[in-house]
Amino acid sequence: MSHPPPLPDRSTWPEVRALQEIGAHFHRRGWSLGTSSNYSTVLGRDPLQLLITASGKDKDRLTPRDFVLVDGEGRPASATEPKPSAETLLHTLLVRRPGVGAVLHTHSVWATLLSQRHFAQGGFFIDDFEMLKGLAGVTTHEHREWVAIFDNSQDMAALARQVEQALDDPQRPTRHAFLLRRHGLYTWGRDLDEARRHVEILEFLLEVLGRSAN
Amino acid sequence: MSHPPPLPDRSTWPEVRALQEIGAHFHRRGWSLGTSSNYSTVLGRDPLQLLITASGKDKDRLTPRDFVLVDGEGRPASATEPKPSAETLLHTLLVRRPGVGAVLHTHSVWATLLSQRHFAQGGFFIDDFEMLKGLAGVTTHEHREWVAIFDNSQDMAALARQVEQALDDPQRPTRHAFLLRRHGLYTWGRDLDEARRHVEILEFLLEVLGRSAN
Amino acid sequence: MSHPPPLPDRSTWPEVRALQEIGAHFHRRGWSLGTSSNYSTVLGRDPLQLLITASGKDKDRLTPRDFVLVDGEGRPASATEPKPSAETLLHTLLVRRPGVGAVLHTHSVWATLLSQRHFAQGGFFIDDFEMLKGLAGVTTHEHREWVAIFDNSQDMAALARQVEQALDDPQRPTRHAFLLRRHGLYTWGRDLDEARRHVEILEFLLEVLGRSAN
Amino acid sequence: MSHPPPLPDRSTWPEVRALQEIGAHFHRRGWSLGTSSNYSTVLGRDPLQLLITASGKDKDRLTPRDFVLVDGEGRPASATEPKPSAETLLHTLLVRRPGVGAVLHTHSVWATLLSQRHFAQGGFFIDDFEMLKGLAGVTTHEHREWVAIFDNSQDMAALARQVEQALDDPQRPTRHAFLLRRHGLYTWGRDLDEARRHVEILEFLLEVLGRSAN
């Protein structure tokens, strides 16, 4: 009789430690309560290797066993991996885009509220805030950032296709982030540090907009 | 002349440590300020043994002596136990239901406000939020969660009977939680981890509803 | 030529440690930012000895030298004491009342807002909240707590006389707390633990009222 | 072939440690999220030497290498310094004024909202709050503090000239702080402790005003 091999021990991986710290930080802020949110970072290209949070883990107490190594189609790299997040397809879609090395998805109160408030318009602009300069490539507050909102869905393949088509909308291209309705924020960066900074910048701006008149 | 025996030393019990951590965490969040809130977890069945916070303790500084062992009727297991919370009857009622191993009761600002806002309707629905998937057994955001509101009372026996009858209301069954008017939230889970997660999920959703238009 | 004697070293006094912890806790909550707030506890009676925070100290970093020993008239016990808070007279007035062993004064956003909102009515009632049971002597939520509001003043002797007369108003007696307009909250207890609990209970209730419709 | 000399090691400088603590503290409060904010303190006069945060650093994780030594015109003291913040000119302008030894610039939600709400009036008064006494030189709550608002700009030389002229406006002189529109708060003090206290006092008062009716 054979036993399943033990889960891989990744306690010494710097990426694991960085993601644990991010989970504790975002949980403290109220952006990743309960088992909400998922985070990923690219470990290799050719072929793509992505480390992503496993499904259903408390984000303030991520252990080295709460991560999954997946390939470019979001499949676990081996039979010993835990179950990846259901939203892995959105992560693999995003890290295939140029310059994206990490994806962070959070569930904050203000993102949830704004995703409903502006859903009928398909999204909203954030413009003219100094804080926008914290987003990669933005060098002046005189910037208009489009934040698209997609309807929430449990059909991840369909949702991923819809997102992929909309990201490059010539009228309103997505640069740094989008929202899922009554769900949360997706943002990314060339590495975890940049993606973490984008979460802070965007959550700040969403709170500012959320506290402005409806 | 006889002395009362000393309070039981439970500093090494994992359940005590888990409840201390929960108290500190919920206090930091503002969900259990002062001596508000009470928490319990099942230690044994046949006969039922429940460990519950003692009456009137500060939740950010629970000591191993601030817990009581009670039986299925909420009576202290021995004469050396401290006084259990007045609301013990609500806990014993809940842990007799299938699949309930822990009960957490919190007092947050948003629970207090919503319990008044929707009292005349007997409760309110929370629906269509991704965050609902953090509740046990919910697998899609397309879910309607009924949160009943009961009038507050100091007559715990009467309140417990009223709650018991309403939980299985065929029109609007209670699945995960209810509110007491101008008082707070009751939720539960198969164990402390699940109940703790339900508090985080529900407090998040109450804040979202509370910040939406009145 | 004589040097002034050094400030008394009180680093081992339990009251000093308790007050340092309270300062750090209330600062974290946002109830004692900057040099606002002052705290005191009775050390002896006959004659009255009160330990109170010195004037103008940051409450998140109180050192053992940031406290003053004063007598029943609020005068420093010796020439080596630092300058007591300007509001010492309010503390000595309160600790002369029966059952008062500690006084805590905080400056929160919600206390400031409510002290203005209800000033014209001379105060407001807090009633029918379970959280009221955290106040000493309150055993049911069916309780009406009167919170008087006094106009702010830099003339502490005049303000103390006005407060003293109003505390025992037969129509609306003050039980646990009062506000100073656009200034903050005063509450007290038989000891520091009780007074600290009263701050938590009252700040919670002020936030609930503050977030209710104006 | 020559290597650039290593960045100066300033890990033992007390000013560096104080600025690191300020960054962590303000980040926790939500006043310096992401790479927003910059802080400076005077190290010497004749000639002026100012230590200021380097450009684009996360404020919750400032390292001893994230600071720049600049002269009175905001130029790095040597070729081995990192790039100073773009807003260095505002800092050097401020520390040339009498009694200013440190400048702290933060980006809070309430500062951002108020800087827009009152922009058309050129600023707003804060008056009649006890908390104002935490500002240097203010001894009574019966004080009117003018907070000017300047339009945001990426042209720091032009902005610095505009600020310099307005600070001494005889009608509405600036005493402790000003805002940049949709950007943040500038305040200062004779040293870092005083400037840090001014941030706490002003952020508190901005939140009070922000939560008052629009």
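As written, the chain order gives the labels A, B, C and D, with residue 1 at the start of each chain.
Convention: contacts are C-beta pairs under 8 Å (C-beta built on N, C-alpha and C of every residue); 3 or more make two chains touch, one makes a residue touch a chain.
Bear in mind that the values here come from a model prediction, so they are computed numbers and not experimental data.
Residue numbering at the subunit B/subunit C interface overlaps only partly, since under half of the positions present are found in both copies.
Per the C-alpha superposition, subunit C sits rotated 90 degrees relative to subunit D, a value rounded to a multiple of 5. If you average the CA atoms of subunit B and of subunit C, the two centres end up 32 Å from each other. In terms of their C-alpha centroids, the spacing between subunit B and subunit D amounts to 46 Å. Counting partner chains per residue, subunit A shows two or more touched chains at no residue at all. By the touch criterion stated above, subunit C contacts subunit B in their complex at residues 128-131, 134, 139-142, 193, 197, 200-201, 203-204, 207-208, 211-213. Against subunit D, the residues of subunit C that register as touching in their complex are 30, 33-36, 58, 107, 109, 112-113, 152, 154, 180, 182-184, 210, 214.
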